[in-house]
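Below is one structure; the comments refer to it alone.
Labels run A, B, C and D following the written order; every chain starts at residue 1.
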Amino acid sequence: MARIGVFVCWCGSNIAETVNVSKASEISGNIPGVVYSVDYKYMCSDPGQTLLKNAIKEHNLTGAVVASCSPRMHEKTFRKAAKDAGMNPYMLEMANIREQCSWVHDNKDEGTDKTIDLIRMMVEKVKRNHPLEDIKIPVTKKALVIGGGVAGIQAALDIAAGGVPVVLVERESSIGGKMAALDETFPTLDCSQCILTPKMVEVSQDPLIEIMSFSEIEKVEGYVGNFKATIRKKARYVDTDLCTGCGTCWLKCPVKVTSEFEQGLGKRKAIYIPFPQAIPSRPRIDPENCLKLTKDRCGICQKVCPTKAINYDDVDRLVEVEVGAIVVTTGYKIMPVSEFPEYGGGRYKDVVTALQFERMVCASGPTLGELQRPSDGKLPETVVFVKCVGSRDPEHHHSYCSKICCMYVAKQTMLYRHKVHNGNCYVFYIDVRSNGKNYEEFVRRAQEKEGAQYIRGRVSQVYKDGEDLVVEGADTLTNSQVKIKCDLVVLATAMEAPDGIKELAQKLGISYDQNGFLTEAHPKLKPIESSTAGVFLAGCALSPRDIPDSVSEASGAAAKVLGLLSKDEMHKDGVVAFVNEATCVACQNCIRVCPFVAIQLKDICNRKGEVLRQVADVNPGLCVGCGTCTPSCPSRSIELKGFTDAELFAEINALAEL
Amino acid sequence: MNYGYYPGCSAKSTSPEFDASTLALIDFLDLGIKELKDWVCCGASSMHAVDKIIHTSLSAMTLDAANSEKKDIMVQCPACLAHVLEAKEVLNENGELAADVKEAVGKEIEAKMKISHFSSILHDEYGLDRIKEKVTKSLNALKVASYYGCLIVRPQELMKYDDPENPMKMDDLVEACGASPVEWPFKTKCCGAGTAISDTPITLDLTYEILRMAKQNGAECITVLCPLCHNNLDLRQKKIEERYGEKFDLPIIYYTQLIGLAFGLDPKVLQLDRLFVDPFPLLKSKGIL
Amino acid sequence: MSENWEPKIVTFVCNWCTYAGADLAGTSRFKYSPNIRIIKTPCSGRIDPMFIVAAFEKGADAVLISGCHPGDCHYNEGNYNARRKFIMMRRLLSELGIDNERVIFAWCSASEGIKFARLVNEVSEKIKELGPFDEYHNLDQEER
Amino acid sequence: MKELIAKAKELLMNKEVDLLIGYQSAGEKKAKPLLIKNPDDADKLVFNEYCLSNLVTYLNRPDIKALSKVAVVAKGCDIRAIVVLLSENQLVREKIFIIGMTCDHVMSPDGTEENIKCSYCKVRNPHLADVVIGAPIDERISKETVVRHEDIEEFNKKTKEEKWNFWKEELSQCIRCYACRQVCPLCYCERCIVDFNNPQWIDTRSNPRGNFAWNIVRALHLSGRCIDCGECERVCPANIPLMLLNRSLQEEAKDKFDWEAGFDPEAQPPLTTFRKEDDEEFIR
């Protein structure tokens, strides 16, 4: 038999003014199943809570209804008090007689009647409530970071700093990402490699971080706290354990090919490290260009290798790692100039991307920092920068703003003018967006002190007139057409989601937007969480952003990971779905509607292991308790604990007695 | 192929050679395309700016002319093409303007017919391979700059002609006839036809640039598909040469004339003699004539 | 109909948006008609169309159902799933001759306290106009 | 018919199937189901315009599900039920052998005229079958045609009071025999919601209130799934026009979700998915 206590709160005069609390308490006492009822000035106060606790013990209550403020305010408070008194916390419900009664009604009789109804509804619900237990999920105290750019590096370092081991997976042969290719960074003009490479070294030396470079995610199974990731370690043809990174092999390799890291402006060998500060500083063989692997000739690298680290028979290997949380920091790619034939992209060598320009001015770049235009090596006397190329252009390319171009173009004008003091540099822009710390000042400096000439308008065409490139565009401030002869055109092409991101997202069960950028669980309040519990996001994988934003998000994601993995078991609310296996017919409706992929089919087998039939099976670790599954079930074989049909019907039924 | 030919007013006034060479190709290729009986002037270049209803009604009447012969419409002049396409869109969207137009024309007009430029018909429907087969007199690597003008590719949503930044249809056609198309950046630059009367120097500036760029990129002649472009480049070439002190001597030849030559048609029939910049010395020097 | 008859309106809301919106109406002291009773569910996706039938059976004169606006769902898509169920239920009720004005669907966010209060008042006024849902309630008396 | 019998014999003889479900004659202008295991019984098989019943219903029976392979004689309209059952994980495709019958029309249950459902049939030629028997038949309408039902249009001219009174009268006849549920090829739950008693959703007595609730839940559970076989209405001893509700919801599914059940086993059933741009004009 239910033994329920009802506790009516005055909330000072907040409730008592519009509700006759003593009458409400008295009448509630007559509801079948209620063995104790009382009204009290402040139920949430210490004495109020003590009153609740004592009543639970003295009257041996099986359930309780606190009629007071919104459960959003104090449900936790009262459930904790009930738990302290030895009652299952889920056996306590609140009737919201303040926000949804006394504060919105004037008439005391009506308020009192409604209060009694609300109490009656909750009493009927509590009668049908079941004690629930929190869900406990064991966690693997290890994290996986996917993507070894600056965001991934930061996330790995921060997680490791919290004492949790990290596997950092990078698909290129070195970590470092795009930032490693930059010359100097805005708004301070400090050298990118000077600030990034120490972090890369730190990662490589941290005993808690395992770098898996030249590796990709093959498969991810499991759920929050308990993921199992299969990682494909692509054939490198170099044993990274034996190799010391001495460099003899790539010095002797006779094959020269275009360097991806140098954005096509420089050369590398067929056995190579992408850049001198690469981490790990172990080369890989490019099997498409290696003479040994393509034509079974040469073999020089193997001959010269002092540690016998070259293995031409290397193959891809799959390794499995078990982790409790995943951080995705897969970054971006930039649109190639060939997407813009109207700007001569792909046709004229001297139309380059901003990333190519970085390499052209970088002291470690292919020209060792000597600015030469690609076609003939001439020093460009006039340079035109074009912003919003592919960005903010919904008719042709992307509607979004790539966010960082305004700043790096300002930076590049300065880098240019520092190299060519009398050079002319023009910038075509739509707006200048410089909303970061010291950003506006930086742009002003480029415009006012460093001689960049900003023209507000779009470029219509870039063409070659004799030896010159001609940029035609509009100056919308003077309402005129402009035509600029120049030597070099730099296109600030849009940032795009990188190749393979959709496949990765599908493996992880996370969503991506129409542009291929990963989607956050909530744009404001969960900006670095994915829709899948335990998978966090940071950096440009989400959308274009700059280095400080990427780094802070990475630290944020690391904090989330550390929070998640701080205990041996995760605890979550007991409000989860459960299946009546006796009546489930496995029609899959619940599986199809579940937004969290928390339900799967399960085989019911006999003793011999033969499959008799299938039923739906809820993974309580993934279930978030939304209950969308329940109405989808025709035989009502899946229900939500805490909001069962019986419980909700009891509330509806209570109305019949009104 | 079930087209009726909508020549437009230029073909009947300033550019009879365009008309004549078009008809010659239709005849030679046995396309069975005949001029629509009741086509109406599209009202270019002023009516669209003066009165939307009259402007749309004019083209709607041409659509009606096609309907009464149960034909799709083949157009040569890009302005005509733009305006009949626009009228078709207006009628199909069936908004307020469509109601006004129907009232002005005095009847319901179905706008379900296909509307295509002749170069698209040759390129996409007749096909380059079949054109190649018909070539009897190769254009012998004649360096041709295809100049499309501004109108045929813009606005892209309406015209749906070709890549608006770098159209290739005429290049492909003349290449099929043995010529060497010149890659150059001014294929769709404006020739300034709109200001030719009101502010001629602007037009001359623009046209000069086009001629200069074609020449710089090695063109021996320019081929066009718009009668107004043709006027500006051909008729005014001498004036431009005088004004800028630069000799071009670039024949401006309709693409239909060039293709006709490759098919071995009589230059008289193609009315090559009507061109202001004499093409014969060039054609002879290349062994085409 | 007795003179001081008040309609009974049963309201099913989701926890994250509309329940919070109703709370906001309270903290903002927006007054509304006292004849509604709110039943909280985690998400509008949990609201079964059969709740409507149950409420009518138990004497409700109208049912109000409210969840998060599209795109705002705490669970991302519960309200979208719910919307499809409601579309079907509405058509079915209308085929049966049940006045669709007695079944009201709304989106009401946690910030729309004023919308919630107005909604309740509008529905309450409307149902007062329509009178008690005797047709359904009287089905009880017609046992064979 | 010869072809059907020959195929049936072949299947049973070669033990390709354990059981074959088809039709046999039940007197003049009548046919009834025939379940055979012995090839010799195949001679009893018939197929004609009186073969009304949807034999797919039998495939849900636990004893039949337990067999390793079953052949079923099915018209295009019946196959639509198989498609729904496949998409809802109720059948294993490999365990059924579909003998698809081309079919111009069947007769109305009273045998006097062409069945109304055949006038807008889109699957005269079976769309999912292991073997098709019968000459191909010209489809009268294309798959793209949006079907409109005159009876529903007519019914919707009624005022809501008239509708209410209509259904009150009709549903008061319901004796809760559940023949509609029994015959429906898509009602396969092992425990029907009407038999659920905690809470009791639906009054199990045959009273107007319970009858309303039962018929509402039945129509809802079929919404987006009903394949329009009309069996429920055919077997109803009280002659309640149940298809009026089912067809209304079919139209709604077509209008709002562009959905017709029973054509594509891979498609997501409409009430287990959504589009962000779904209609919400009715939501305040």
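Basically, a residue touches a chain if its C-beta (ideal position, glycine included) is under 8 Å from a C-beta of that chain, and two chains touch if they have at least 3 such contacts.
None of these values were measured; they are calculated from a predicted model.
Of the two interfaces, A-C and A-D, the higher number of touching C-beta pairs belongs to A-C.
Centrality by Cα centroid goes to chain A.
A separation of 34 Å divides the Cα centre of chain C from that of chain D.
Distance between chain A and chain D, defined via averaged C-alpha coordinates, is recorded as 47 Å.
The distance from the centre of chain B to the centre of chain C, with each centre set as the mean of the Cα atoms, comes to 65 Å. Residue positions 593, 632, 645, 649, 653 of chain A are each in touch with at least two other chains. Chain contacts: chain C has residues 49-50, 54, 77, 81, 85 touching two or more partner chains. In chain D, the residues that reach two or more other chains under the touch definition are 201, 271-273.
A complete list of chain pairs in contact reads A-B, A-C, A-D, C-D.
Residues 8, 10, 19-20, 22-23, 25-27, 29-32, 34, 37-43, 45-51, 54-55, 58-60, 74-78, 81-82, 85, 117 of chain C are the ones that touch chain A when the two sit in their complex. Contact residues of chain D toward chain A in the complex are 88-90, 188-193, 196, 198-199, 201, 221, 268-269, 271-273. Of all the residues in chain C, the ones that touch chain D in their complex are 49-50, 53-54, 57, 70-71, 77, 80-81, 83-92, 94-100, 104-107, 119, 135-136, 139-140, 142-144. By the touch criterion stated above, chain D contacts chain C in their complex at residues 155-156, 158, 160-168, 172, 201, 203, 205-209, 212-213, 216-217, 219-220, 223-224, 244-245, 248-249, 252-253, 256-257, 270-276, 278-280, 282-284. Against chain D, in their complex, chain A makes its touches with residues 582-583, 585-589, 592-593, 601, 614, 632, 634-637, 645-646, 649-650, 653.
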